[in-house]
């Protein structure tokens, strides 16, 4: 069996034979409010604090000055692990403010989402430098949906996504690529091509049942891994995301 | 927890941990007749009169000479708070008449919706000037749907929306971007990309039940905020919009 | 409350606080056979004969030589009110015959629907002249769907519709813009952008129930007006269109 | 009431106040096998033999050498009424064979469907000549769907259809324009624009009930005519098309 | 009644007044596995062996080196009737192997499907030569779907199909044009335009009932022929395709 | 009956008269997680070890450094049969790492998926060389979906697929072309044209039943083969894919 990377998501690793195959890129699909950013930050934070693996968080849309403070409510101090040399943001997000803290070490000059000078090669170069600096083996890209703002047609988006996956795979990073699935459809139409490029796909579902929402995680595909076929309920608790492999999503009637 | 901006919408703030995270842009989606303009004007008027925060109303389609008088029925005299230096319209709407009142301080010359010379940078410059003049921290843009009149393809609309959000975020305005959701579908297909650009999305639903309409507000997503998952009924009363967090939208059967 | 214009449609004005807000443009959507032309002619004829307000009928598709005689069956003699100086056709329709009557005072030379020389600015100029001549405050445009014949892509149609609404609003006409809604869908997808440009939208529905049709009027939106939410049945009688606010469209089961 | 043209379709005229308004163009929509060509030929043949009105049959797809013999089974000898000077084919169809009969008087040289030299103006010129020769007041165009073969985009097809309707209306012909409605949907999406250009629309429906088909005629719209709302069953008998206004299409349950 | 061509499909001719109208082109639509090639080969083989009529099989996708041997299982030796001068393949298919047999008399040099030099006029010239050589009155084209590989946009495919039908009709061949209907939808959307170009349309349906398939033939339209409206079951037996006009497709419940 | 190639998939060959017709290309369609790569590797491995036939695995997306080790869990050592001269990878996949093993004999220089220099002719040349070297008669292409990354429009993808099938058929390889069917729809819309190009189509279905998945194999079409119409359940066991022709997919109710 191939070497595995622990996700740090409670309940998930046991569904996928102990973790994600090391050194590949995986797609994390979910609609708004499904907790993709929390999932990504948890993967990075737990990696640094529990498994001794450094990580990078590549911000393509929500800015680090928003993500960092938002994660404090789970007790995850990204700034702190940044200072310990176990973490770095790679900030490609379009919005900038006067930096109040100091935990955003790598800022791409000019090649940001929304700028005409954006270049995936520049982004990969900065990722490679940051990887070298903090010795990262984990990576989160939040989110590849931002590429649809940068590149006009689907074909170009798909080619840039391929370039990104190719780059991350050659760096032997175990990477999560977050992607917005606007309608939470069970199919993957919208990210069909992106899904087939990745080594695996995890989907975060949110179903409206009566007037509230039910959340369920699905391991759609992980190449080379014998994984569960079941939808597993998950919740976003004060400790982050927890998956409940023993529970069922819908009660029988 | 991040600093919050009170919405001034009765019943809403308690659903979102006390208010909107300060300094970010939020999307307010709704079909025709759901009360988006009323929501926006209430946010501005209550800000000025109850929370001591000045505001701007950026009119991209309905002209100020229509919005201003229409809000008088709720007892909101925008002209009056304009005279008090707590409010300004930024009038980018295409329709112009001989100004009968004097409460429209900032009129963009030439760069209006429907004109070939329209430029988002000009609009942002005028917003920045108006912000400075009235010391505004709140902003409403009514509505970004108007950009579909100005820019031919979706990609350009999306890029302009990004530029607008980027500009407002860098000005640290807490902004509501109104958008027409023509079919009141529960998904956000039509504004998928715009929704993911924003820090949060609030949806105003209107369901036809038998021969009348039922209204419900949904907090779809607010980054960094633990918000309710439930659809909450709301009504448009003589005091403006009121949300009823304790009530249910549909009776059980 | 803003000043109102009586529609002259029996039963409608009481649904909308006494009439349409004066000086704005409204969309009247309906499928074939819903009575849009009858609605428009009734608005003009009643305006001239009962409310002392002159009107214009801008014909973009069906020619005046067809509309005029067809309205005689309701007892509305447009030719007669034309002779009295209270009415004028503005004939932009593509089809021309030897004029047998004389009641078509304003004929656009060259700039007709279907001609390469069509120009909305020319149309607005002729409308302005006709308005001046008969002192019109009411206007019907039948129908803006004809613009889809003239302009190749949706964006251009939308921009021309904006130009038309802008022109009519600046002339302070209370205008009805008729539009064909081919499938009578309850949503307004097809005229989504046009609907959001207008100050209000009224929809004429026709439902096939068993083997005949049931008609219902819906006030979708009127900015600044507190209007009914209900679908109201209407019929096309010998006196024209009548709305029945007290009746229900569908019987309960 | 406007002057009417008898359709010659048994049972139809009583549904539309005695006939089609004289001098306008009407759309006849139907799927394959609904009898559009039979309807058109009956309109022409009955016009010539029962109402003393000459007619033209403009063939855009099926060639006259097929249509003529096929109508003999109803006892309609188009060749014969052609010899009597009451009828003429205008053959614009792409397929040509050695002419065996002589009843095709007007053959367009060069400007046929499928040829790069096709021109609607040429077609209208030949129609005008044929009209003059046989003093035609009736016209059938079979079918405008053929224009989709000739013109690449929908906009061009729509403009050519407008040109055709405009030409026929200016010649004061009472014309039937046949159009293929491939899926027999009740809506008119596919011919939405064409339908709104015409003075009226008649739809031939075919419903699959269990393993056979039920046929029903619907008068969708005729401007200026108070027509039935009901679907009326029709059959294709040895005497041609017969409509049964007294019968119902579906039995009640 | 027009002259007829026997199909050689057991049970079919009685459904269509004795056979296909001679000298026209007919569309045979069906999804994968419905037996289109078998139908076509049967039409040709029975023509040659039972009705004394020579035929051509124009192969546009599946190569003759596959079709020929595959038909032997029905006992139809195309090679043999080729040697007798009653049959010829016209091989336009893209795949070529060293010819092992000799029964492929007409091979188009260069103008094959998938080649940039493909020309419908060349194909028609070779068909005309082959027709002359074997005195063919029957023709099968398998399949026109291949034209979607050759021509980029639908409009071009439609024009080429028109050219093909026009050519075959002018040669007075009774031709079957096979077309793949990928989803076996009852409508003919996909081949709407092609269907209306043809003199008739026969559809082979395959319905999944529980875990197996039920086959049914529908005569959708044959111009000038009074045909059944019913869906008739058919099977692919060791003698080829057999239609069962007396049976029903679905049992009543 | 034509010569057959054993698939090596337990239970499948008996459904298709003993195997796949030798020398043709077949499409294997399936959504993510249906086991396409396992199916392909099993076909190759069993060919080499049980039927004495060498094979090629053309990797277009997942890299050989991932596929090879992943197949070890079934006990299939591709590296070993590569050393025995019975197998070769043809590596066209975009991702490259320092090769740790030596079992990837044929690496295309430059003409890889994702590179501007990609050429199907180069790929076919390398396939031909590898075929010659290991005397391969079997071939798997995993997956043709990767061509959608390389070629911008569907037409080009289809033409390249035709070129590939043409090339493999001329080499007389019995080839499986894997293709991702993102939504596991029963129709083949997405690969409609590709499906009709191939000599046969096998579909791997995955149905969500309650909260787990049910797998079923369907033989959609194999030209010249009398195959089952039924959906047959299959499982992915420790020995690879097994089809159960005697079982039913869904229990009756």
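Here are some notes:
Chains: A, B, C, D, E and F, in written order; residue numbering restarts at 1 for each.
What we mean here is this: a contact is a pair of C-beta atoms (placed from the backbone, for glycine too) under 8 Å apart; a residue touches a chain by one contact, two chains touch by 3 or more.
Computed from a predicted model, the values in this text were never measured in an experiment.
Between chain A and chain D, the least number of touching-chain steps is 3.
The chains in contact with chain C as well as with chain E are D. At the interface between chain E and chain F, two copies of one sequence, fewer than half of the residue numbers in use are shared by both copies. Rounded to whole angstrom units, the spacing between the C-alpha centres of chain A and chain E is 53. Look at where the CA atoms of chain C average out and do the same for chain D: the two points lie 31 Å apart.
The residues of chain A never reach two or more other chains; the list is empty.
Taken together, the touching pairs link the chains into one ring where each has two partners.
Around the closed ring of chain contacts, the path that opens at chain D and continues to chain E reads D, E, F, A, B, C. Contacts from chain F toward chain E in the complex involve residues 1-2, 24, 153, 155, 158-159, 162-163, 165-166, 169-170, 172, 186-189, 192-193, 195-197, 199, 201, 220-221, 223-224, 226, 229-231, 248-250.
Here chain A touches chain B in the complex through residues 32-33, 37, 61-63, 66, 69-70, 73, 94-97, 113-114, 143, 145-146, 148-149, 152, 180, 182-184, 208, 210-213, going by the rule given at the top.
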